[in-house]
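To keep things simple, chains are lettered A, B, C, D, E, F and G as they appear, and every chain counts its residues starting from 1.
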Amino acid sequence: MNSIILLAGARILTPLMLAFSLFVLLRGHNEPGGGFIGGLVAATAFALYAKATSTTATVQALRMQPATVAALGLALATLAGLWGLIGAGNFLMGMWPLLATAADGAKVGLPIGSVLLFDIGVYLVVVGSVLTILLALEDDVAEAERRPEAE
Amino acid sequence: MADVTNGLEARIALGGSSDLRRFAPALASIIVFGIFCTALPPVAAGETFRFVWPWIPALGIDLSFVVDGLALTFALLITGIGALVLLYTAAYFQKHPGLWRLLTLLGLFELSMLGLVLADNLIVMFVFWELTTITSFLLVGFDHDKADARAKALQALLVTAAGGLVLLAGLILLGALAGTYEASALPALGDMTRGDPMYVVVFALVFVGAMTKSALIPFHFWLPNAMAAPTPVSAYLHSATMVKAGIYLLARLMPALGGTELWFWTLTLFGGTTAVLASVWALRQSDMKLALAHTTVMALGTLAMFLGGGTVYALAGAAAFLVVHAFYKASLFLVVGIIDKQTGTRRIEELGGLGRRMKLTWAITLLAALSMAGVPPLMGFIAKELQYEAALGAASSPFLVAGFAMAANAMMVAIAANIALRPFLGRTTEATAAASEPPFAMWIGPAVLALGGLLFGLFPDVLGDFLVEPTISAKAGEPTEITLKLWHGINVPLMMSVVTLAGGGIIFFAATAIRKRLAAAEAGGLWDAERGYDRALGGLKATAMWQTQLIQNGRLVHYVWWTLVSFAVLLWSAIVIGGGIGVPTLPSLAVVEWALLGLIAFAAVAVPLTQSRTTALLSLGILGAGIALLFVLYGAVDVAITQLLVETLVVVLIAVALLRLPRLRLPRGSAAPGVAWGRLGLSALVGTGVGVGLLAVLATPFDRTITDFYDAASVPDAFGRNVVNVILVDFRALDTYGEIAVVVFAALGALALLRVKPAKEPSGDQA
Amino acid sequence: MNLFAINLTIALGWVAVAGTVDATNLLLGYVGGFAGLWATRQLYGPNRYFERTFAAIGLVLFFLYDLVRSSVGVIWDIITPEMLARPRMIEVPLDAESDLAIMLTANLVSLTPGTLSIDVSPDRKRLLVHAMFADAPDEVVHDLKDGMERRILEALR
Amino acid sequence: MSGVAEIAAAICLVLGGFLTFIAALGLVRMPDVYIRMHASTKAGTLGVGLIVVALVLVGGGSGVVGKGLAIVAFILITAPIGAHLIGRAAYRAGMQPWQADQSTPVANRDDQP
Amino acid sequence: METALAVLVAILVTSSLYLMTSGHMVRFLFGLLLLSNAANLVIFAAGRLTYAEPALIAPGALAPAGSVANALPQALVLTAIVISFGLLAFALVLVYRAHQSLGTVDSDEMRVAEPRDGGEA
Amino acid sequence: MIVTSELTGVLGTAVDIAMLFLIAALILTTVRLMRGPTLPDRVVALDLISMLLVAFLAIFALASDESAYLDAAVALALVAFLATVAMARFIDRSPQAAAAPERDEEA
Amino acid sequence: MVLLTAPILIALSTAVLTLFAAGDRRLQQSLSVLGSVALLVASLLLAGTVLNDGPIAATMGGWSAPFGITLAADMLSAAMVVITGVIAVATTVYGLADIDPAAERVGYHSLLHGLLAGVCGAFLTADIFNLYVWFEVMLIASFGLLALGGTRAQLDGAVKYVALNLVSTVAFLIAVGLLYGATGTLNMAELRIAVRALDDDTVVLVTAAMFLFTFGVKAALFPVFFWLPASYHTPSVAVSAIFAGLLTKVGVYALIRVFTLIYDTEMPLLQGLLLTVAALTMLTGVLGAAAQNDVRRILSFHIISQIGYMILGLALFTPLALVGAIFYVIHHIIVKANLFFVGGVIRRLTGSEDLARTGGLWARSPWLAVLFLVPALSLAGIPPLSGFWAKFVVVKASLDAEHYVVAAVALLVGLLTIYSMSKIWLEAFWKAHPDPAFEARPMSGVESVALVGPVIALALITVAIGLAAAPFLDVAIVAAEQLVDPEAYTRAVLGALP
């Protein structure tokens, strides 16, 4: 929107919000948050960035087309599901490679595994999809505005 | 690929080596005919052959076939006449690009017709029945470039298909009450089927099916119209074989359905009326082919009438006439085809003097016409005698039957004379000036058929023993003896024959006058059932247009409206039938909750009331936030956060799109006060319905087992402390998996919408 | 090595020792670390870290004071039936050059009652301010430049 | 200790609530969008800030302080930027600030068609 | 509160359907958004409400302390919200494009696929 | 009862008072949102409503001693800003909507 | 069990992979066809297993029913998935010559396989909310496919399609919510038990009414079918073919599933309504077809009409009637998709779908004529093609149940179907092309293989179902038996332990 103030704000806020989104993603299994919320926050961050700069700059910041991000997310979620299917015979079954069963039957170790991978997939899908729609719409509106015409 | 076959066909049709190949179908038909001939002696001796292959056991449908007298008679007619017609066609259409299509369709028809008469299982029979309808349709429309041919083909299709569907119902019901679809099992069950309360229905349905196929009044009109088909097709399908399928059907089902008063009266009245009226219509035709077509209708009526009689003589009369008619009528059709081909016209007044140029053709015509007129010693005479005998022996109302038969036959005489004499005698006309005899392949067919009529007349026992007797045995369901003779001495039937011939002579000479009278009488349209068909078709089209414009009128508002009306009706019916709900108690809430509810409700009401796009949009934002707060209040933090984020993103998206969207001014239609109140009423009906549904649910006790499991298993088994998230990514992860797919596809779809734009179309923005 | 980074490391170490990751511990660690670093400031040679930190703290305090002070004026105007405000658009020359400095200036101007940053001129030399009590525009300009902007530039220097 | 914190929190709460109310009142009473923004930006931020401070004082939980500070910091950064954007847009759209000496009565602003 | 929510749902549905029957596609979108919210409230209320006890388990604990909010409908609503978002975003873009190409948002004017003189003459 | 809470004493009363202020503020702001008259006015109102809701969540977290609710407040603060930016951009790009209130009000 | 997840997984994986391959059209096409073939193979394996072992189930994430989501396949589900596989292969092959490269670039293949994933998911899930999710996957993918191309007609059609489907989809969600509130479960096998145990008739009937409404809209029943004729003739041929074949059937499937498994006790109450709806659906659909003059618009209205037969089968609720409904569904998917394919070839050859502007095909392309006749006659119920048996069983079931009026309507509609199909034949095939100078554009080798190959394959299947109806009917019978007595299904679902 061509405002120095917004631009400077966005330069601070976008990374902050992205960091926050990752934080929300990672802790989601235990506190409010998770892939959806994280993804939505990240999408909000990029949306803000897009408003302050341009859609092109936002895609550059993403380093790939947002649709690819979404596809990547769906692929990760699928892989997470397949992991359970191959590892335990159940699609989407939680796999915990860093957990071991102690002598008393309790699980010890880090509860990180397929479920987190799945949630990361969700995160990427949400970021990618929201941005795909938003940026494409922005582009189209901008293009339509460039064409002078009677409404 | 299609082009290749096209070329191939063209080569086959026109190329030199194809000359012989085009006779192959005829040859095949002759071979089959020969095979059936070998079955004659054993069948005549009372044997029947039955072949069964399992097909659809679950429905009681086997591929069962029976060769008995009735079937064999038909099979011989089908293959024999089929061979001659195929031969004739190969010559008649030698240079026609559609020759192979015609031969193929005729061959398919022949197979279907054979299947129809040989099938023992009624459903299998029906399968072939319908196939004959379809092949007939394709054949009638052979000259498909002509709109008229297409319309006539459609008519034949619709009438016979309609009958077919009625018949199907009849057969299913018959199968239900007999417990079997095997026709060969029906004779033993006849008393049971006739005694069933559904008998009348079954009979009516079967009879209507037979009527349409066999062109009995009031479904007769399609048959003359089917003369749009090439002549060999008419000779074969619409005279000798397919149209007799209805008669065949009645004959086949007689053991199960026949022998009642209902049967007798129905068949006699419909058959007799058809016979007489068709004869009258035949008289007034000047197109010989149409005249023959109407006489075919007459023959079909006669056959039905005699089947109605049910006595052995009646059956014998019908059986003999069946064969006789097939011979002379096919022969005459083919002759008319020859005349048409050689002179370019079939109209009797345009023809004359052909006798000198086409002696052979005339001889054939004379022979066939004599049989048609029932002159001894031709087979037609014997059949007519049998008819009269049967008429007199009819259990009830012999004079009625006899009257019908005599009247119709007298007119047949006149028509036969007309066809056999007028084109060949008199002065040569413009059309006949250059006429010459046809090639061998064309005259051999009619010649064989005409000669057959003579031979059977001379040796009636061959016909009697090998065809008529076994046929009626099959019909009557028991072995029957009958003797066919040329000379029975001077008896009542003979006297009747004489009267018939005399009457025929008078009619022939008074033909012109009669025709005028008839034309005047018919202008009233008294018997014009075809007009009924036209009206029905017109009505159908009009109804279709009317209902489509009423229902599918292109207006989304209308669609949404009726969709919601349906929902409201369903919903409130369910509530009322279910007994409604108790009166809910007023909730006691904290001020904050009231405030929140009020805020949400206010925003919800503001959206439709405001005329400002942005006010509506911002109200939606507030509503979303308010609902998020409700979620928070009741412990749904994840949901609340998601709601806030999503609602905001929606508002952002809409705000972007709104830059290029117009204002909220209402379309004129929905802004009118009456319409607005209607909309409000309907919306409120659905809204309260959903609310009542929710209240009803809330009044039931709640089973929390599954949630309790989640609460207990979340940490120990799924290693997560946020139960909602654990449900999303573990317990019910498949939901989430599908859900992210939705999001991805939504994005893809939106992207496609924005990125793929047709280049050519004018943009509406400029409009 | 950046002193801020060291300070942050100390704070994180504190958190690790405390065993609980939360803002309170982080803050305590940071403050403690800052005190330690300040006490040993000779060790690091010439360094602006401490000055900037104190300037930032000063800025925050000044801002809070300003916020409270002039809020009263706005509140009073809102509550009283008559409209006391004499609003006007005023252009304030900017000394700040970096985007961040301009943003901070504009933001703090907006947050203090009575003034609201509306726009920055295309040449980034002037800030358009909506002043609520602008009977004497020059006074407003002076207050802003000498108060808020000076402190921001000090904290960022 | 907790007693003092509670009383301080109570004061912050009431004051914060009062300030947000003033902000809203300003929004309704002030004559044009610029002055309304003065009210909402300042009093709103201060009010919310005070309420969050109250929460930090008595919330006690480990997450509360961090989240509370995050909220306050975030609002302090974003509220003025938002006000700037709206004000700028309004100004660029040609909306002239209300002048005390102009003859238009304040109340009539809202009633314009 | 559930009873109150039922009333609120009725209001939301009424309002949304009133918008959806207007023939103005932007209003239709607004109605759709309202309707989705109503559906979410239905699910949420149908799972019964528990005041201010999120379904979170304290660190170290094996299960929630005491009765907490029903987590399942929350998960369902969350899923539904995200799905509705996808659908609504698509619908929005569709209406936008339809307006761009057809020049109207009045559904009565959208008669390209089913022209007025459609069907057999 | 104003807020369902286990808090008693001075803090409980303070929560109730603050909540009443907030509700009153909410009503007033909604009035401004509806009356406009210009789009910037409405956006300012929306912005304030977001802030009020953040305050609401904070009070609610305090009253129910549930810090998880602050997460919602953080999220709201984040996205509210985006909404404001988006609406400001809307005004920026369709100035007629801002400058001439009656245009958008057109019935 | 892998077999149950495989169809969904294959479809979604293909969707993802084709998205990654967006730069390479050939690769996308290969992946797409390969994915469809894999789906077909997987579905055949699944059907074979179900045929041998009876209903099977698999828990997702290893959480046993009713806590986790369970996928399950009885014969009906398995058969539906197989048909989906068949149509998938046919459509992807046909699409090789039918789809605009620009559309392929932006995600046609992904959306198509997404659609397939949604359809398979809907057929296989035993969880009512999960059913909602798969419905949405299917719906959103169909939205994308429908509007792909962005022509004015497509946008118009899509607006109506999207608007009406979204209304019904929300009703679905509400119904699921209410049902959950009343029973506390989402597992469909457990719902059977829970709904029986419910005291409150209002709750049972209200939820049943909502499901009837929402699935009725999806199935395009009278009077809520508006969205279908408004849109199905607008997208590319491959897309409209798969829509025509599959989408409404998912609604029919859902109706059959929900009303045999959960609300079977309410069926006597609903019968009158359903019979009326079925009859009116048959009639209005076929009359709509009779009023049209455009190939795909005629075919679209026919879909509605034929759905009526399927609902008639459900409404009668006798074992034979259910057999008929299932057989009808299977037959109709094949035949209707094929007719749309042929319609596409007609357009390709004559340059139009408006019958007035077509013609001459019987003379020019007799093989196409034959290929049209097979599905057309089958649709019209002409023996011995598949449609005849479908109609036969349904009519017989009606007559057996002594519902003579609906039987009569069913037969009458058969006649009207013949009439409206003959219109295409008369105009496009028999009539000479209105432009005497008209020359059909020749098709390239690839084009004719891609366009005609699927038509031939589906026509052969139609003939095969007709001539060898017994095995197909046996499958339908097994499926119907499992519906009438879902004990095996519920045992598989509820007993499916990790």
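Here is the rule we go by: contacts are C-beta pairs under 8 Å (C-beta built on N, C-alpha and C of every residue); 3 or more make two chains touch, one makes a residue touch a chain.
What you are looking at is a predicted structure, and each value in this text was computed from that prediction instead of being measured.
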Where chain C and chain E overlap in contact partners, by chain label: A
Farthest chain (mean CA position) relative to chain F: B
Chain whose averaged C-alpha position falls nearest the assembly-wide average: G
A-C against E-F, pair bridged by the larger set of C-beta contacts: A-C
CA centroid of chain F to CA centroid of chain G, Å: 48
Whole-Å separation of chain centres (CA-atom averages), chain D against chain E: 32
Cα-centroid distance, chain E relative to chain G, in whole angstrom: 27
Chain B and chain G: spacing of chain centres that average the CA atoms, whole Å: 26
Residues of chain A touching at least two other chains: 1, 3, 5-6, 9, 12-13, 30-33, 36-37, 41, 44, 47, 67, 71, 74, 78, 81, 91-92, 94, 126, 129-130, 133, 136-137, 140, 144-145
Of all residues in chain G, the ones touching two or more other chains: 12, 15, 19, 60-61, 107, 110, 129, 133, 136, 140, 143-144, 147, 150-152, 159-160, 163, 167, 174, 178, 181-182, 229-230, 291-292
Shared-contact residues (touching 2 or more other chains) in chain E: 20, 38, 42, 45-48, 51-54, 56, 59, 72, 76, 78-79, 82-83, 86-87, 89-90, 93-97, 100-102, 107, 110-111, 113-114, 118-120
In contact (per the touch rule at the top): chain pairs: A-B, A-C, A-D, A-E, A-F, A-G, B-E, B-F, B-G, C-D, D-F, E-F, E-G
Chain A residues within the chain E interface of the complex: 30-32, 36, 126, 129-130, 133, 136-137, 140, 144
Chain A-facing residues of chain B, complex: 637-638, 641-642, 645-646, 648-649, 652-653, 656-657, 659-660, 662, 718-722, 725-726, 728-730, 733-734, 736-737, 740-741, 743-744, 746-748, 750-751, 754-755, 765-766
Partner chain A, residues of chain C touching it in the complex: 99-100, 102-103, 106-107, 117, 119-120, 124
Complex contacts: residues of chain F adjacent to chain A: 68, 71-72, 74-75, 78-79, 81-82, 85-86, 88-89, 92-93
Residue numbers on chain A that touch chain F, as the complex places them: 1, 6, 13, 17, 20, 24, 31-33, 37, 41, 44, 47-48, 51-52, 145
